[in-house]
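Shared chain: chain A. Partners: chain B in the first complex, chain C in the second.
And now, the complex of A and B:
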């Protein structure tokens, strides 16, 4: 009897969140999935059950190119945020001795987040542009004759913006894992004769694995679903999968956009399933 | 060549705060040495300096006639067993034990074979594939010990190895440590805050306080003749009393205080005669505690000093063991241990 009451009250407790998620996540996803099977023409969408949207999507060369681009951005952003994020977290966790200093430096890492990500991206433009600071600087120093074109509206600019935007999402979980590493484990490794390289390979990396994976999940999902960065930093000439969806929406081709969204959602879920297999998320929370 | 460990005027300070203050210590090869003291006395720091995990501020550390003061831990021939064992949580027991050999560059088959032999030595071979978090405290400790021994050190350093165990296991592991030490003929240096542990294990006990050595020697000699009021207090079983407690302070040779072992005091009725070469003092019984082999009788002298007497179970006159009763405490003059100010 006691157990029953307890069960009922725990259901009540989870009800508000369930309602919120149902209304604002599950229901819209359901609608998108339904619409992805509808037909459309230039000015209206027509309830139906056809596979044309998916067929067009999966056979179009544009889609595949956009997926290649998306994965390329995601991989580069992941690799660079991982390298930078791991280094920063390692520095904070193992080289800064006092808690106060750790907190202070950690807060400094969050400074980019004091403004919106659009503003942050736009502020790169005067720096990277054809007549921007870097190009004019290089030219007046005599290092280059003509402006470097790859700096802005390019893959370079897009990945740069991702790294700028998302490195902190890597730093936080890795730092969290590293702070849990018992310092005496490192001494034990030193006692066994380990060099710094061995300590990194045998102790620090294996024990920050869950932080690395959680950070990777953040960065992957954020980059896979992003279109603003690609639009602004790619100057409209680069496309990833989300920009395709965005374009279809602006052309009122809602069923095609919905089909694109469903495929993208499954792709991301597939990646997440793989990543979640590598980490016990409950242990980390 | 002099074998063993030698600390020569070794000091350690952190930002001007002195943790270890110029200690001199010689530990013979193959002996079991216990560093004993209250927390913050510098015993762990001393151990960590010998291990090479703490830089020496000044002075030298000599191991088997080799000055190792500035050498890396592995180059010294020492191995440390950490307080919380510090086993690698992501590695199996056999990989934990084999880690030192992996760093030394042994191939997997060879190092696994040696690690298994070492696990056998500590009776943990059947747990080779378990992770540390699947083991009990005592089992983890054996793994930690095997890991320390695998690189064939001359000196094994143990930082409060028994403090995380329950009392029963502590006594069992204590025996095993001692047996292993004498079987392997290694020098063990063991940090502890328990005098019981130190007395049970040590060939050489070193009592430390405030970063200096208060007394060193065989536990028996320390217990029989504590060098200072601090040592007498810390090792327990002693009463430290002021010189003027005695009516005739001449046996003290001018010392200001002395100690008397609790088990050397006997209780008698107030009207009893004092034996020859004994002193007698009046006291009031505060409390009588039955402790199996002994009665612990807490008494108070007229000037307020408390005296603890351990009376063998069969030697306490039952008509005296009554709180608030006034009795006579007496002990032999030979048992008085005076403390001369240095």
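And now, the complex of A and C:
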């Protein structure tokens, strides 16, 4: 009896969330899937059931190059954010002794995440540009004769921006799992004669595994679906999958964009299925 | 206490460089936005003035930021209120098991990690096919909720996982009704977290770009205006707008933190 009445309240309490997600997530995805089989010309999109969009997409060299690029960006961003994020989290969790200091430093890392990504990308222009701080610094130091062109509007700039924007998504979950590690385990390892490197490899890393995986899920999916960073930091000449979709949207080729979106979605889901097998998210909150 | 090791100093240095990396660029444009009228996009600074901030509020060819700011602010407030109410209710629901709870949980996670361009394209196409007019307050509002609600729900999970239910049991034992327990025990205890969820929702919405792109209709929100400017504005007015929005986000975060500290302290005083 008691359980029943409580269940009833759970249903109406979860109803608003369910309705919002059904209306603005599930149904739109359904529309994308349907439209990806439609035909189109320069003026309009035409209801149909054809596989042309997919055929064109999957046989186009541009698509495959964009996928290679996307995976390259995702891998580099993942590796760098993991190394930096892990080090920062390790420092905060094991080297900062007082709670107040820990909270303060953690907040310092978190706050930039709440400011605009676009502005954080624009901010690199005065540093990386042809006449930017780095180039003029290098030139006046006599290290280079001409401005380095690869700094801005390049793969380098794109990966740099990803690291700048997304390292936080590694720091937070890894820090969270490190804070749950019982410090006496590390004392025990020291007493048993383990070297710092062994403690890291055999105690800290295995016990922060879930944090590492949650961080990886975030970084991977954010980079896979990103087009703003590639547009701004790549200067319009670099392309990944989402920029292809974005370009098709600008040309009003919605069915082609929809087919690209469906394929991208399946790619992301595939990666997620693998990563989710490794972790139980609800236990980690 | 043990003496600090070399490892500590190396890691401190690493952390300091990381913080410089996080904040350095933003501080650079903040500095450059205070240039005189002859200023450009890079150093050296050309004089010091508030010229570019005044330019922001003049009507000009590139766009009208005043309206965009008002739109983003209104949208942020509505998203904030909705996020608090919906994720609080859902958080309550998830304290018990119910049929479909794990489906709803994974759906919420999907909403968080799905590429934003898919949400944008999907909602845009849906409104187009249904012959509804896309607007920042209809389709844009929904698109923002798909981004803020998952964060709200995850925060509520974290809050309820740490919440001690014996307060509620005690209240019920003393003869309080469900509603009284909710109003006098649960709500005051959770108020700081709810304020946190709200302001988090506001800042997420205030800065949201990708999901707004195809869903805002004919009028731009602030991030869309900014994106348009990156391609056609070559004066520090771009930096001035950047500085202004960053200051807005920062003040909100600081206010939230102060509120959280203050409520926590007043509770411990009462206890």
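The criterion applied here is as follows: the second predicted complex is superposed on the first by the 274 of 285 C-alpha atoms of A that agree within 3 Å, B and C clash if a C-alpha of one lies under 4 Å from a C-alpha of the other, contacts with A are read in each partner's own complex, and residues count from 1 in each chain.
We take it that a contact is a pair of C-beta atoms (placed from the backbone, for glycine too) under 8 Å apart; a residue touches a chain by one contact, two chains touch by 3 or more.
Since the model is a prediction, treat every value here as computed from it, not as a measurement.
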Clash or fit (per the criteria above) of chain B with chain C on chain A: fit
Touching partner for A:99 - first (chain B), second (chain C), both, neither: neither
Touched partner set for A:27, first chain B, second chain C, both or neither: second
Centroid geometry (CA): angle chain B/chain A/chain C, rounded to a multiple of 10 degrees: 80
Which of chain B and chain C A:203 touches, first, second, both or neither: first
Comparison of chain B and chain C by chain A residues contacted: C
Contacts of A:189 with chain B and chain C, given as first, second, both or neither: first
Closest Cα approach, chain C to chain B, once both complexes are overlaid on chain A (Å): 6
Of all residues in chain B, those that touch chain A in their complex: 51, 53, 72-74, 79-80, 82-84, 86-90, 99-100, 102-104, 147-148, 151
Touching residues (chain side chain C, partner chain A) in the complex: 1, 7-8, 11-12, 14-15, 18-19, 21-26, 28-29, 32, 41-43, 85-87, 89-90, 92-98, 101, 104-105, 107-111, 113-119, 121-123, 125-126, 129, 142-143, 145-146, 149, 153-154, 157-158, 161, 200, 203-204, 206-207, 209-210, 214, 223, 226-227, 230, 238-239, 242, 245-246, 249-250, 253, 257
Chain A residues touching chain C - in the complex, by the definition given at the top: 3, 6-7, 9-11, 13-14, 16-18, 20-21, 23-29, 31-32, 35, 84, 87-88, 90-92, 95, 97, 105, 107-109, 111-112, 114-120, 122-127, 129, 131-133, 136, 164, 167, 196, 217-218, 221, 224-228, 232, 242, 245-246, 249, 254, 257-258, 261, 264-265, 268, 272, 281-282, 285
Interfacial residue positions of chain A with respect to chain B in the complex: 182, 184-185, 187-195, 198, 202-203, 206-207
